[in-house]
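We call the chains A, B, C and D, going by the order they appear; numbering starts again at 1 in every chain.
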Amino acid sequence: MDGEGLSSPVSFLKERLGVLADEPVLRAYEAWWAREGRPISEGVDRAGTPWLKMFDRLGTRVDEILYPPGYKTLLHQGYQAGVVWRVFETASLVPSYLLGYVTSFYDSGLYCPYVVSLATAVALEKYGTESVKARFLPELLRRDASVWQGATWMTEVKGGSDLGTAVETRARPAGDRWHLTGEKYFASNAGAELALVAARPEGAPRNVRGLALFLVPRYREDGGLNYTIRRLKDKIGTRSVPTGEVEFHESEAYRLGEQEEGIYLIMEVLNLSRVANSIGSVALTQRVLADAWSFARERMAFGKPIGEHPLLRRQLEERVAQWEDAFALAWEAVALLERVWRQTPPYSETYPLFRLVAHLAKYWTAEVAVQTARWGIEVYGGIGTLTEFGMERWLREALILAIWEGTPHRQLLDGLEVMERKGAHQALLAYLRPLADPRELERMTARVEAYLQLPPSEKEAQVEGLFRDLASFTARTLRGKLGLR
Amino acid sequence: MDGEGLSSPVSFLKERLGVLADEPVLRAYEAWWAREGRPISEGVDRAGTPWLKMFDRLGTRVDEILYPPGYKTLLHQGYQAGVVWRVFETASLVPSYLLGYVTSFYDSGLYCPYVVSLATAVALEKYGTESVKARFLPELLRRDASVWQGATWMTEVKGGSDLGTAVETRARPAGDRWHLTGEKYFASNAGAELALVAARPEGAPRNVRGLALFLVPRYREDGGLNYTIRRLKDKIGTRSVPTGEVEFHESEAYRLGEQEEGIYLIMEVLNLSRVANSIGSVALTQRVLADAWSFARERMAFGKPIGEHPLLRRQLEERVAQWEDAFALAWEAVALLERVWRQTPPYSETYPLFRLVAHLAKYWTAEVAVQTARWGIEVYGGIGTLTEFGMERWLREALILAIWEGTPHRQLLDGLEVMERKGAHQALLAYLRPLADPRELERMTARVEAYLQLPPSEKEAQVEGLFRDLASFTARTLRGKLGLR
Amino acid sequence: MDGEGLSSPVSFLKERLGVLADEPVLRAYEAWWAREGRPISEGVDRAGTPWLKMFDRLGTRVDEILYPPGYKTLLHQGYQAGVVWRVFETASLVPSYLLGYVTSFYDSGLYCPYVVSLATAVALEKYGTESVKARFLPELLRRDASVWQGATWMTEVKGGSDLGTAVETRARPAGDRWHLTGEKYFASNAGAELALVAARPEGAPRNVRGLALFLVPRYREDGGLNYTIRRLKDKIGTRSVPTGEVEFHESEAYRLGEQEEGIYLIMEVLNLSRVANSIGSVALTQRVLADAWSFARERMAFGKPIGEHPLLRRQLEERVAQWEDAFALAWEAVALLERVWRQTPPYSETYPLFRLVAHLAKYWTAEVAVQTARWGIEVYGGIGTLTEFGMERWLREALILAIWEGTPHRQLLDGLEVMERKGAHQALLAYLRPLADPRELERMTARVEAYLQLPPSEKEAQVEGLFRDLASFTARTLRGKLGLR
Amino acid sequence: MDGEGLSSPVSFLKERLGVLADEPVLRAYEAWWAREGRPISEGVDRAGTPWLKMFDRLGTRVDEILYPPGYKTLLHQGYQAGVVWRVFETASLVPSYLLGYVTSFYDSGLYCPYVVSLATAVALEKYGTESVKARFLPELLRRDASVWQGATWMTEVKGGSDLGTAVETRARPAGDRWHLTGEKYFASNAGAELALVAARPEGAPRNVRGLALFLVPRYREDGGLNYTIRRLKDKIGTRSVPTGEVEFHESEAYRLGEQEEGIYLIMEVLNLSRVANSIGSVALTQRVLADAWSFARERMAFGKPIGEHPLLRRQLEERVAQWEDAFALAWEAVALLERVWRQTPPYSETYPLFRLVAHLAKYWTAEVAVQTARWGIEVYGGIGTLTEFGMERWLREALILAIWEGTPHRQLLDGLEVMERKGAHQALLAYLRPLADPRELERMTARVEAYLQLPPSEKEAQVEGLFRDLASFTARTLRGKLGLR
């Protein structure tokens, strides 16, 4: 990738992937962002968190979210381009992830509502009863501004990762539906017309097996609010996307799938968004590199552009290489998910391989994004610390990507589990064999095997080092698959 | 350091340094912060950037800075405790750096005004004429709320590091003083009663040799404003400290030292603040570790505090060790500066050694602070991304520390220069010999020598790797000097 | 009042009232404000609404209110000076209203917490059982920073004035106490340790007779939160005082007085605060006049200070006179309340007279404050429209005073009721007889009588004109009582 | 006007004026606002003041104004509809004032840029040299988003009204143009591509005769910034329109008209905007009434909508009548300006009559707007004091209208001058004779004549009372001309 190429996400995708599904759509979408979306996105970030109008002037609870002007313009651009509906038209996730890459290059946070809407539609389509699907699915697949949005609300205030014990939202049967009562502490895309909600049916055990997945519309059948929003949260990034605390009081809900499958369905939802998070992280990394490069070739110091100083040039080259590797890893996660996303439990043998790659990708791409964004601030120097010049925004966004959909710890420990319980590392190393340098592969294999012999507690303590090496090795190896520079 | 110990900066200093100058003062200062200063600091950060009142209601330009209530309370606590006056009373910088460590644990940004005030007083005392000293020095040494503040304004909009070409502020002789005209783009502690300002006398060459250092009071002798503040900047960190764009229009100024010495004097000013930056970075790192630890021992997941999960425990241990190493490095910079700070050009042989250690310390401690703060956000998980829980503030502050007083690039390249031109690495390695593991020292020596044989451009390209190793080695080695855990 | 005199609220009180209870206390309090409180108050207003910390980092609901730094300093100054405790020490409201006048001159909004705390203490002392008094009253009467605050929460979202139907908060007996469930939409001084709350016991009628008054502590006996705060509201004035939406969920409560007396007790609470509102409005008017005058004598236009231009001079004179009249009216309300505040239902004959005067005073003083503040903006001209110069703040504060404790409509209609049902106008006119110009009194008497003959609907429609005349006449007449300039 | 009619500014204009120029254009414009513009306007007000980007990331001064997203959408709607170009196409101001009325109903502040752009175009067309007109006028008359904006910057920091002494901006001849140096303190529509600027040519006297009017483009001929913006001001209203402090440093300028005519040209500019201010005030009054009415018919108290309570109903009726009168007065100012706006000095006999009516209209319509908006807050009650419900915004906007283009004092004193020096009151009374009730006219005539016999200082002191009566009388009388309800 030369410097100029850094500024176009579609050109990069094209170079890496060869053929792009819907290339004209992607080109038009990118062009719109470059021309119109970019300044709107900057203005929306400057305007900060949206605002919750809780009551109308007559005292009726309405919980209307007031966005900075322009946010809806940005938002509908992606829905119209097909972040959701194309998946159902083409029976492939690829068009959505491609659009997500372009979105994330321009506005990393905005990809979030698309992903949760897609995850909602997929879960509904796979696990909804016919009548529930007939009623709600078409709303999520509209192609105009009347499209409904989805959301995925799992975690609660007392714990993020530990869903099994932390979910206190209760579900009670109520005729052909359920009633939910409880609250969600980090409800992204609050205000969505349909939400996937993890809850515990009465009598179910207080562990992950006791969870079920429900579909909760924003409005009750009688038109009343079906959930309330206690407040919107002041996040450091993705400021325009409302993350709220949501309360359910006997809220109407529809269970998706069987109760025993609940945790599997929840994991399926997370699969989609973890892969999206990886794609978004790589795109954000490209954005940082593009901004840093365009600055470095213009900013003068000691008689020449700073981009021509050997130290900065070397750092840029190394970071570009790392980004390209990271893309290969993230795209492999897409490719594997494409093979398993329509499966239902019990899954095929590919599923554990996918899960390991997804954990590696989620962990590693976010790490790369954070480190690159932090470096971008250094490149900008003093103005990197000023909100006015935008680079600090990319770090704020990257920090969110590293936390969302599971912190690094979560990825590492869940990845370890899928290695230990399903031998996913063997599948991975076998998969990489045709592509890898044999000696490197051998070394990596030995490293993993030795690691797995450690006592349990020591294994956990050392997991980050192992995963860093394994992710980096996998990324580097997979890049060969996509073709060299 | 056990977990409890993390919460007290003075206890840590005591453990490391054995004897503390003015221990009761430090204890009282810490106690005040723990009890009263801490919530004020949080409120001040929440209130954001101070506000510039440019005109009074009659249309007279006043450039008054309006701080969030409480800021002045914080500010004067440190001046009264002696961040400036104790240096002159004891003829030692140590009391000031100790107070700076405690300050930075509680409010990293607040250390900035103390450092620039101290630097102003030191430069004035060393290089001012008797009449200028008599007029201004006592104002900086007051022990009550009437104390004057200093400031150090060097860089300009067109360039940070490259002072030689970027400084466009001109100085013109005017009787027994000078008139300055120009502007400074990053003027920290704007509103200070006295500022050190780098400017170029008429006719001086357009390189670093053409710079001289001036003392500029806030008010003219006739009482009028002597410099104006165009605006305050919206920084991501140290929000309460006003950083402004400052304009000089025929501003009254007093040259410090001889013109030819200008760049040396400027470097002396930077020496003080780079070392302070290192101390501040280490203190901030302690704060992150303290907050992370106190969270981790209370937050439950999977049936036990997250601090008892092996992965997190290991990470914490490693980061604690890294922080303790970093402290040893920073404190060595203090110790060496203590030996050279009263010297004038030409300096002793210790000076290059000091400079190399200062560059290593500035670079490495800020790096540790940034990485630790970023990890602290991960430990907090979702709430780490919310402004409300404070951890993200430490990352914002750390990012500033990494940029202020010279970016990493600047430290690396200036450090390289002092190695190449003064052989400072030889002095350093000799200095470490009694403390180091002989084989490690040998390896490091070989590594440095091989590196220095590289072609110039390649040398510059690889400098970061070398410095990371050298800093880390030096820090680890020096820790032995301070006594083990 | 000459111009200089405008700048001292205590000097004005002294001039008007002759002897001041606790004059040294008032002087010291004023001096503190002039020296220290004033800039803090400006900073607090600039910092805006306080901030609600709803959960701690472990996910426990805490509802802690984070104030701008400095707010607590302001707040405790008044409690220490005796806005509450002096009333109980002296068995007189006068010292509190005097302190309230001084407070309101400097920070109109800050008077609010004092008034509601006083009202809480008075109601508790008059109507609490011995055990409840013993437990809570001393907390409200402390003289140091550990003092508890009170609050008075009556209205709900569906209606302000119409308490009889709009109060939906329910009370259920629970042993020796009650449990309250419901919400209050405008809960001033949210976060108070004790609140007076209007609620409807189960089975009570849905009108004003169905209301009872309860005391609700912030914390349950077991230490848990006894009420939650849904959010703080973004008001145009009194920004530093937290007004919240408060939720009760089976909150522990203690009924004050008998159930049948509920509405009387609620009215007694309102009496205290309406009179305080009048005092605050007059003090705010003085502040506007003081600021306008000091500006007008310095700002030059057409060769002389604008205060010497005949038009502005005349306007100032007229507004000063109107303010002095308004003070006389407000102080009469204080004097009458002093006679009735310890009575319990059924009240003495003075009570209707007091009520009419209180309605006139609340209505008229707020009207004067709003009109004067609006004129103050005109005097400032362009800078009057800038937030930076403070005058617009007085209008924001005055607008709040006009609404709080009953809108103008409410005062007018309640005043009409007390005339019609209790003949309070006759008492008033008789009371004014010794002071009034006989012909004016006769005219006014005829005007009132003719008005009261109107058909009901027309009477209501014309009530504002009547009250404006009656208030203005009463104010002008009473001023004579206080002695002339 | 019935309640429903209040919600449509175009319907009101139609009812009053009978035939509307370009009615379809107005209807479409109103429909766009009702559907799309209104929520954008609310979001823009919430987002606050726009933001000044002073330097780009390379350190080049750019002074770019960053608006909240959506502002430009609003702005261009009016330019496209023809607030400027239609005046030149139709040779009539009427279409612009009609569009201004509709604009002001929806977003009072947004009318400001239209007015100053129109005033710039008119002055340029009347007084520019052919070459200057050829170069700049077409830019102001574009019909698409590339249209240039104008601005009118007269007053300086030391004084608003007193232009004669307060203008310190100096003009120096420089070939075929001028160079301006100085600053303007209230520069509305800062960032405009062309500004009308009052300045004092070297050697000209320090009074109003010494002023000349200049055209100043934003960019120099060489592409550089021709003026800089020191900062944007934080106003209480019209937040989205950038009002800045502007600095000229040898800025390129083109004189309009002859130097001796300067003050006349400046007055012509003010004529246009004072009349626009009147139109805007009346439209804003309609908006308040519309919002209050729609609230009052839905909000329940004591068993019925508050709009059916006699007091509120009566107040609404009286305010509606006052608004309709005020419209008649404002529209008369439009009609008279339409007769004189193309005249050049010396003007026709109609000119003094126009000036008196314009002063009366500016004064009175703003007064009505402020009082109505303040009443609107009362109608809303508690929620009127919350920023969230919008009514308080109308008061903020009205306060600005009362100050802009001359405070009430200015209107009164300038109106008095035109009566005394030109006998404009006689022209006015003669003009009203055919419409007025003869006895009322006689009374008014006597009142004016008696007043004019007062000693000068007393005349000035009493001017507000006279003007209130005269304005109110004129408004009431003129309403007959427009046809009755």
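Operating definition for what follows: a contact is a pair of C-beta atoms (placed from the backbone, for glycine too) under 8 Å apart; a residue touches a chain by one contact, two chains touch by 3 or more.
Please read all numbers here as calculations on a predicted model, not as lab measurements.
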Contacts shared by chain A with chain B include exactly C, D
For chain A versus chain C, which are copies of one sequence, does the interface use mostly the same residue numbers on each side, meaning over half shared, or is it different? same
Can you compute the centre-to-centre distance for chain A and chain D, using the mean CA position of each chain? Integer Å is fine. 50
Determine the centre-to-centre distance between chain C and chain D, using the mean Cα coordinates as centres, and give it in whole Å. 38
Residues of chain B that touch two or more other chains sit at 58, 158-159, 185, 388
Mind listing the chain D positions that touch chain A in their complex? 39-40, 42-44, 46-47, 51, 53, 57-58, 66-71, 73, 295, 298-299, 380, 383, 388-389
Residues of chain C defined as touching chain A within the complex: 54-55, 58-59, 157-159, 185, 230-231, 245
Interfacial residue positions of chain B with respect to chain A in the complex: 155, 158-162, 165, 185-186, 233-237, 300-303, 309-315, 370, 374, 377-378, 381-382, 384-388, 392, 395, 399-400, 402-403, 407-409, 412-413, 457-458, 460-464
